[in-house]
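The next part holds the structures, each set out as structure tokens.
Both complexes shown next keep chain A, but they swap its partner, so chain B is in the first and chain C is in the second.
Now for the complex of A and B:
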């Protein structure tokens, strides 16, 4: 039974991957753009899921790190650097800033932490907008080149979609590995009971900072892909609403579930597109849908699945118990 | 010198409005652990309700009354019963996210059903200047200050002098014990939501003539109210009032003396400093760690 379930999961996973590779081949430009955007936002949401879902540290600044990554990539590639070099710098920079932002988390928790990160988010936006010598100010940076990967130009939408998808795959594997490593378990210990974790010898200080730094670095990766995706950036997409949107993605998908960000980003990026036929009403319907979903299941979409599985497992277990009991009775 | 005086009075006037919004924000937090990310949109909406009432021919005074009543029903009763009640027991974060979605919903609804453009809004105070101690002060600032102070005094009297207020405080401070001694806790919580709706409607009436009615104006207001609430003390009504006034004055002074580009940064930096060195807020009492 469990073997069958495992095979089913693997087959399902392979089918989804195959669909993500094959189906978009005859998509138009806009469809590919939306799917690439989904991949990029999933990466950013995965980072936040690591900080919030696994380590339990609320952050309203993930959008700022996407901005830092995007501006790093935009500035470096328009000055002739290759994208991989910019990616390394973006990761390093957002890791370092994320580490520093983790320090308040050592002192304050929950809503206070949320507001410190919110303030940081606004400050980052002001820097993007006002330091025009570096960021182009409100006029932004245009003509951001797309990279050549192993000699292949990725200027056209389809190849660049594969760049985004490939990056998503690499990030997913890395995060999958991370949450199964001792580090991942330390993060979860931090979320469940920091005091107990500390008394068991987990260096909570270091892991809190790490949770912020790694989560932020993934935001930087997403940003470094976002800049060549849109090929033009200005400060507006990186304001506070992006951070709020990313937080919404993580919670709606299911915080602390590996596949939560994939679903959450799908809802946040694709659902408004599917609702476009309703014209002006689509964002309103989206908001109502999110509220209804959260009323129904505060742990997000995967929370529904989780509860269903748990219910089935208890049912199966109690059925087994009943069988065992009746056997015992007939034996007597 | 007269410039500084002007800035102070204008700052206090905006600050008094922030204070109204921040007080409502802390009330919701205290009674039901609701972090209302839609608080700014709650301030934006009543002005549009009043404008709508005037569109169908109601005179201004009737539109004000209708707008406030409708806000109390929509943003007080409906918000509490339809969104907060089903989500309250699931913890702080899912509810906070749901209010973010609500903020998007309100914004888009106003944009769709009213207008994406800014609309002018009549002032309840006549425009013009009067002279105080030889300085010319705008009547509007004075009017805003007076109304806001009256509202705050009224609220604190209600909370500290009446039996109803004592019951509300009991429900907020220790719901279990309050229930045992016979306080209708659920009804008291509902009442704080209605009071919050009244406060935001009043703030809407005061601030919209200054900044125009626009669907997106809630973002800035909501943020200012958050900051005011945290800076003053998340768990104290008087903290929220002090925080509101402080942020209003700081904001106005920053606009004049720091660069206009980084004006918005000043309250933020102030917020970070306060949270790091005095997380309970300037006037708040320290909360024990729950873990």
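Now for the complex of A and C:
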């Protein structure tokens, strides 16, 4: 990439970050809630993108991990534990359960694996609903406190939005590091050709389990932020439809692209809000928009950009080959 | 010369079909052994049994005198056994250089260092050397999926050597490669064999390629070893002519 291209990317990135920090200062309570929800769902979708988009393991259980994280945070913080401690437990618990859920992926793939994870999602929902002694059952858990971070209270919407945004920034950096590391390369190898990956020494069993565990842990992080965001949780938001929503975010944004979950979550969380002026038709319009997008570009929004960039690269490479060929012919 | 690979009485059945039926052979250090035979004679199944992609119904595989039967392909690769496949197996979305880094990264450090260490696992120089060795310099940054079939075959072979293997099993490396690239490929294999004393087993239907590359040739038919010997001996063997080479 040219220096100009790199500079442009950095300037654009900084402008987006500055806008995410400054613009919401003028938002009302509801606007801040929606934007915080976008940040939280982006974290959950990044986890699923790691499992599905990079490592190629289908999961319909990400919503359940958001639930595990949310209930962990809700139970602990309402019993006086600080949110960071609850976050650590939520990450550990989601990681461990995700690791165990990864074992079926060592034997079954694709839609069979989807059904295994779907069953887990149902099981988790039943635990959230039926184990009232722990989760409050259908009445849920209320009065979930928001944390004090370094002595600053985050009860008001704007400070808590910054907590969500800061968490998104940390998770983004961690995921960026991960996918650029040899682990990220191994995840992609797992997705594209596990047989070849094995023959090159890639321990596909361990990386499959890691992909599930890390993706699930990010679901747990999202859940641990969701609980203090809404300050009340019950089982309903964590049923199968959340897993399907997260799957849609990843697919629509572009599975296997770093920025896919950001865009996907933006469309899933913000687009319905922007279409509210159509009143009763907004969900229908939203569904049609998503269908049209996926017909046009099955690889999601970033797939369109990727195709354009690939076409440019091919054109440039063909031109270089033509120059090399003509030089060769002249020399002969 | 000691045997790098010893295969004893390997059998593999699929239902009532005996794809490999009691095959025994060994491969000495630095040797290039050719493995030929008609389609369906069990060559690739034998490879898959040796390399842990299939569990043999019976028999024993030893690497440097140690039994490795039933080890997973990734474990065997860590012990210095590498392979190529009959069909192209590069990672199309990664660049040529990234394919080669991926091919070597699991031999560097441990899981922790691969997560927290350098993103190229310290392999960029080694990958560039391999790119130069296989004459793919002008394609280093190109996506592997955009390369011609022959170029992808070269990359596929180059990937097998990134981990510095002692033993490489090549499944039809010449299939679909044009004569000029085939000559390049042969030169590279011979050079690696001489410089690194690497040991090869090569499945191939291109007789000229096999006979000029290999020091010994094993012929299989119907899951069994039909003949074994120097290329000129095998070429004259009446049973081989009858079953495979023709007149």
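Note that in this section the second predicted complex is superposed on the first by the 313 of 332 C-alpha atoms of A that agree within 3 Å, B and C clash if a C-alpha of one lies under 4 Å from a C-alpha of the other, contacts with A are read in each partner's own complex, and residues count from 1 in each chain.
Convention: a residue touches a chain if its C-beta (ideal position, glycine included) is under 8 Å from a C-beta of that chain, and two chains touch if they have at least 3 such contacts.
Note that this is a predicted model, so its numbers are computed, not measured.
Colleague: Give one of first, second, both or neither to describe whether A:311 is in contact with chain B, with chain C, with both, or with none.
Modeller: neither
Colleague: One more residue to check, A:283. First (chain B), second (chain C), both or neither?
Modeller: First partner only, chain B.
Colleague: Looking at the overlay, what does A:110 touch: chain B (first), chain C (second), both, or neither?
Modeller: The answer is first: A:110 touches chain B but not chain C.
Colleague: Taking the superposition on A as described, I'd like to know which of chain B and chain C A:186 touches: first, second, both or neither.
Modeller: In the superposed model, A:186 contacts chain C only, not chain B.
Colleague: Is A:195 contacted by the first partner chain B, the second partner chain C, both or neither?
Modeller: Both partners, chain B and chain C.
Colleague: Is A:85 touching the first partner chain B, the second partner chain C, both, or neither of them?
Modeller: After superposing on A, A:85 lies clear of both chain B and chain C.
Colleague: With both structures superposed, pick whichever of chain B and chain C touches the larger number of chain A residues.
Modeller: Comparing chain B with chain C, the partner touching more chain A residues is B.
Colleague: Applying the document's definition of touch, where does A:130 land relative to chain B and chain C: first, second, both, or neither?
Modeller: After superposing on A, A:130 lies in contact with chain B but is clear of chain C.
Colleague: Between chain B and chain C, whom does A:14 touch in the aligned arrangement: first, second, both, or neither?
Modeller: Touch status of A:14: no partner.
Colleague: Looking at the overlay, what does A:169 touch: chain B (first), chain C (second), both, or neither?
Modeller: neither
Colleague: Shared contact residues on chain A, chain B side and chain C side combined as an intersection?
Modeller: Looking at chain A, the two contact sets intersect at 193, 195.
Colleague: For a test of understanding, state which residues of chain A touch chain C in their complex under the given definition.
Modeller: Residue positions touching the partner: 178, 180-183, 185-186, 188-189, 192-193, 195-196, 198-206, 310, 313-314, 317, 320, 324.
Colleague: Considering only the defined contacts, which chain A positions touch chain B in the complex?
Modeller: 58, 104, 107-112, 114-116, 118-120, 122-123, 126, 129-130, 193-195, 240, 244, 247-248, 251-252, 255, 280-281, 283-284, 286-288, 290-291, 294-295, 298-299
Colleague: If we count contacts the way the header does, which residues on chain C are in touch with chain A in the complex?
Modeller: 51, 53, 72-74, 77-78, 82-83, 85, 89-94, 98, 101-103, 105-108, 111, 114-117, 119, 121, 138, 142-143, 146, 159, 162-163
Colleague: In their complex, what parts of chain B are in touch with chain A?
Modeller: By the definition above, chain B touches chain A via 35, 37, 83, 86-87, 90-98, 100-102, 104-105, 108-109, 111-112, 219, 223, 226-227, 230, 234, 261-262, 264-265, 268-269, 271-272, 275-276, 279, 289, 291.
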